[in-house]
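By letter and in written order, the chains are A, B and C; residue numbering begins at 1 in each of them.
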Amino acid sequence: MSLTATPSIFEVHPDCEDSAPVWLAEARNEAWERFTSLPMPGPKDEPWRFAGIRKMALEGFGAAQAVEGSVGGDENAFVFVNNRLTQRPKPSQNGVIVCTISEAAEQHGELFRRFFHAQGAPLGSEKFQQLHLASKQSGVFVFVPRGTVVEAPIVVEHWVGEGAVFPYTLVVAEENSEVTVIDRMRSLDDTGAGFALGLFDLYAAEGAHVHYLRSQNLNLASRSLAVGSSVVGRGADVKSLLLNLGCGWSRNEHVSYLNGEAANSDMLAVSIPTGEQECDQRTFQHHRAEHTTSDLLFKNVLYDKSKSVFGGLILVDEGAHHTDAYQTCRNLILSDTAEAHSMPGLEINADQVRCSHGATTGQIGEEEVFYLMARGIPGPDARRLIALGFALDVLEKISDQRIQSEAATALEAKFADLF
Amino acid sequence: MSLLITDLHAAIDGTEILKGLNLEVPKGEVHAIMGPNGSGKSTLAKVLAGHEDYQVTSGSVSMDNQDLFAMEVDERSRAGFFLAFQYPAEIPGVSNANFLRAALQARMPKGEDLDAVEFYKEMRDKMGKLGMDQKFTGRAVNEGFSGGEKKRNEILQLMMLAPSYAVLDETDSGLDIDALKVVAEGVNTMRSPARGFLVITHYQRLLDYIVPDVVHVMADGKIVKTGGKDLALELEEKGYDWVKEELVTS
Amino acid sequence: MDKESQTVTAIAEEKDTVGDFTFPERNKFDAGYGLSEATVDYICDVKNDPDWVRDFRKKALRIFEEKPMPTHWATKDLETINFDKIRYYLSDGERPKRSWDEVPDDIKETFERLGIPEQERAFLAGVEAQFDSEAAYSNVKDAVSEQGVIFVNSAEGLKEHEEVFRPWFGKVIPSSDNKFSALNSAVFSGGSFIYVPPGVKVTHPLQAYFRINSENFGQFERTLIIVDEGAELTYMEGCTAPKFETATLHSAVVELVAMKDAKLQYITVQNWSSNVFNLVTKRGIAHENAEVRWIDCNIGSRLTMKYPGVVMKGKGARGEVVSIALANDGQHQDTGAKMIHAADNTTSNVVSKSISVGEGRSTYRGQVHIPKHLKGCVNNTECDALLINSKSKTDTYPAISVKGNKHATQHEASVSQVSEEQIFYMQQRGLSEAEAMSLSVNGFVNDLVREFPMEYSVELKRLIDLEMEGSVG
């Protein structure tokens, strides 16, 4: 629960900036109404099956307050501290819009409005998504015009202390453009209980390529709920990687809409819950057009008393023939008190499709450990190396080198801290 | 200085496989163990490395006067024992380079770090000698490797870790003649007065390329005959039945 | 020929056997339409139930009334069931006949068309046949009863063998398990009770046939099988119904108990007509080193919801579900498996294959549960779906929960089509498209069909051929 004296974000409609355009202010008011009228999700709701409702304990957080001083984040990044912009990088390439959400609402009204909060939250968190809409968001709007390749990755850091923040990453890549976006979620200290209620929407128009990394490493007192979408047009490609390393409780809801022929979405995630961490992930791969492809690989390495939940669905619409869709969840359990719940799913309504899902739960093979030990690597190191390898394997599917190396470093750091 | 095996008995699931095996491999020598299938050759290799499926019921093994059985699997390795596996494990996601770095780092004194530049240089150099493509550095250990690639990878590790004693368990199995020559060449470059080899094989062919100083014949969990390199040829010619008959008649 | 006019019987040679015929009802007892406490009392009175059964039924009725329809996860089609328009008990009031000659002629004719006497004469160890609510004909070969095997209908079981029956009745599947198990518990009638004494290995399968003859009727049979230590049994059931204008409900509860070292195999071939709601709860308990296998084939019905389960209660217990489902136009085969590991070193295995034809829909729902503090539990699940036409549908929804690091579970599911190249290749060799399709589909389920007794597997192949004939062109 929040230690701040500020009113709960669940009870009082937070103040948003006065400079918001009328349409946004109205949208926020309506969202607040919907938020208050929607019921809290409970364990009987199918999208919340196996969820640790008690551990979530999202109520009671107040909005995060401004803090003094700088956090010394990445100088090439947009840095938000407790939902407030504290640093911006050098201006980006010509024609490319990279600005904060508030700036976008003021300066790019019509363009921004078309995409802002345009996707629902079909995987269980509609109530919280409405709360996000009703609140003042931090984060960036990225608009890449037709044919433009953004060379440097756009990096956003969200530093969270006590209280709730509302990060939003909205990426719109026009035809044949290409962009890489990296979100980092970090805590200001080890103890402040933060709640990051975030959204990410990744739009790739025809032939566009979007690469996205969301690296969540908040402290154990914090919670994170992220609602995301990949909206993929004809011949376009979105590759996303979610790293879940921190938080006592975290949940991601990620949908992919394959809207145009030959659209592709790769959905990747690595979670390493330790202690009593719980990591809950729900996904949806919705194939709405012919010849679309999607590939999902989520891996969980579970230590101590941690818990993972995976619920995924591939839906192939009638008429979305020649779809190739895959979904794999692999759990590696390293303690007798950890638990993994897997609910992969398929709903196929079209012909000439190739779809499969798989879910495995297992332990480290003793033969592998023996082999490493026979080369002189001590047992605990051997196990850690194998577990790290299990996790790093996901990165093979990432083509963007910067995302790959940042993710690898983050994973190695988490494993290095384990013993 | 030697690897000295004395009256070794070992069992798997209660069935005794090694039944009083005696053997000494001095530093600087290459010994071969030949023997029919089921004679216990691979069991010996696994027991020396410390595989937990095998129970040592009696006997001892000392490596340069250190008690091998007093050490864990990894300690034996760091103390200088190396096993080239007959069936090397596949380790998904762990790259060859990271694996070898970890193995070498484990040998460094506390607080000292491996020189990464030197390491990569050395690894590339040795891979070149074994005719291994450089892309193997980034590939997961043994995953998706062909039989020959796996064996070369075992020899690469042998070269990188430079043990005092190396046991090669049927390293020739599944290799065509060209791969066999490359592997043998790799082993031969590692022959030195500071290193002992125990080459386990079913066929004499490997010993054309790795010429042994001493040949032992193993049957029913024991060394039953010991001779020079000509013994291998004799075995090839007459088969293992000859040894068994000789045993019965003697 | 459409599927409704087909029936699965054990008689392969009797090609013209069809299930689509009825005889005039001559029911002496009819509980009337709708369900209330009075209905339950009526059933109890007619059946002369002991008081504990009456209490059991009434408690179950209250649970049924309280429980909502499971439409938050299951199909909305369930809402079309009107419980007030169903008759819950029909019977001609006669005791089960022990010899074929004593069975009334029209019922005899029904079963003769279904091929039961031939089965009896051929090899059967025993047959229990149920016509609407009550068993019409029941016999057990002398040899089996001499071994101490009890094979009677459930009414006889609860009265004559209460000491064996009562301790397990409603214990494997409590009335409150789900809405339909509660419904069955309130109004159950018929079904088998089998007890196999320790060490007795019943060499021939025991069989039962279920037949709905009356419109707007709900059949609620209740089966309890107990196989004592080291004993073995295979049980087979077949189901048919003629096609009526309005929907019919079949809601059975089957409880299996395999004591230490026992083996119990339960085979079902379900070919209800395509307006039957088939909502069945089936579960077995496997004690130490015991094995419970469900072998299940669903071809008929409008909606089948059936997830056979095994609770592996003793160390080393094994559970298995092998299932084939075929869903054609207007059909939804919603089947699956539930594997509850409750002891160390327990192993479960699920193999499910479904074929969706025309606008048919097949669904797999699975649950694998490995709780805390166990070791050495293994589950393998494999579900493969084959889509034949562009409007065919399939879904897969497993849930696998594993606690602890001493287990291995693996779930794999795939969806595929009969490949066009395959069909082309076979056509080029002179097969018609339908023949080629049949061959491919039979190939798809071939390994599972082998699990069924020979005469069933021949029949299954024939049914698949028939289904495929209408699916191409």
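By our rule, a contact is a pair of C-beta atoms (placed from the backbone, for glycine too) under 8 Å apart; a residue touches a chain by one contact, two chains touch by 3 or more.
Bear in mind the structure is a predicted one, so any value in this text is a computation, not a measurement.
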{"item": "Farthest chain relative to subunit B (centres taken as mean CA coordinates)", "value": "C"}
{"item": "Two chains joined by the most C-beta pairs in contact, as defined above", "value": "A-C"}
{"item": "Gap in Å, rounded to a whole number, between the CA centres of subunit C and subunit A", "value": "44"}
{"item": "Distance from subunit B to subunit A - Cα centre to Cα centre, in angstrom", "value": "48"}
{"item": "Cα-centroid distance, subunit B relative to subunit C, in whole angstrom", "value": "58"}
{"item": "Residues on subunit A engaged by subunit B in the complex (per definition of touch)", "value": "365-368, 370-379, 381-382, 385-386, 388-393, 396"}
{"item": "Touching residues on subunit A, where the partner in the complex is subunit C", "value": "44, 46, 49-50, 318, 321, 331, 333-363"}
{"item": "Interface residues, subunit B side, partner subunit A - complex", "value": "49-52, 72-74, 76-78, 83, 85, 88-95, 98-99, 102-103, 106-107, 140, 157, 161"}
{"item": "Interface residues, subunit C side, partner subunit A - complex", "value": "72-73, 372-373, 385, 387, 389-417"}
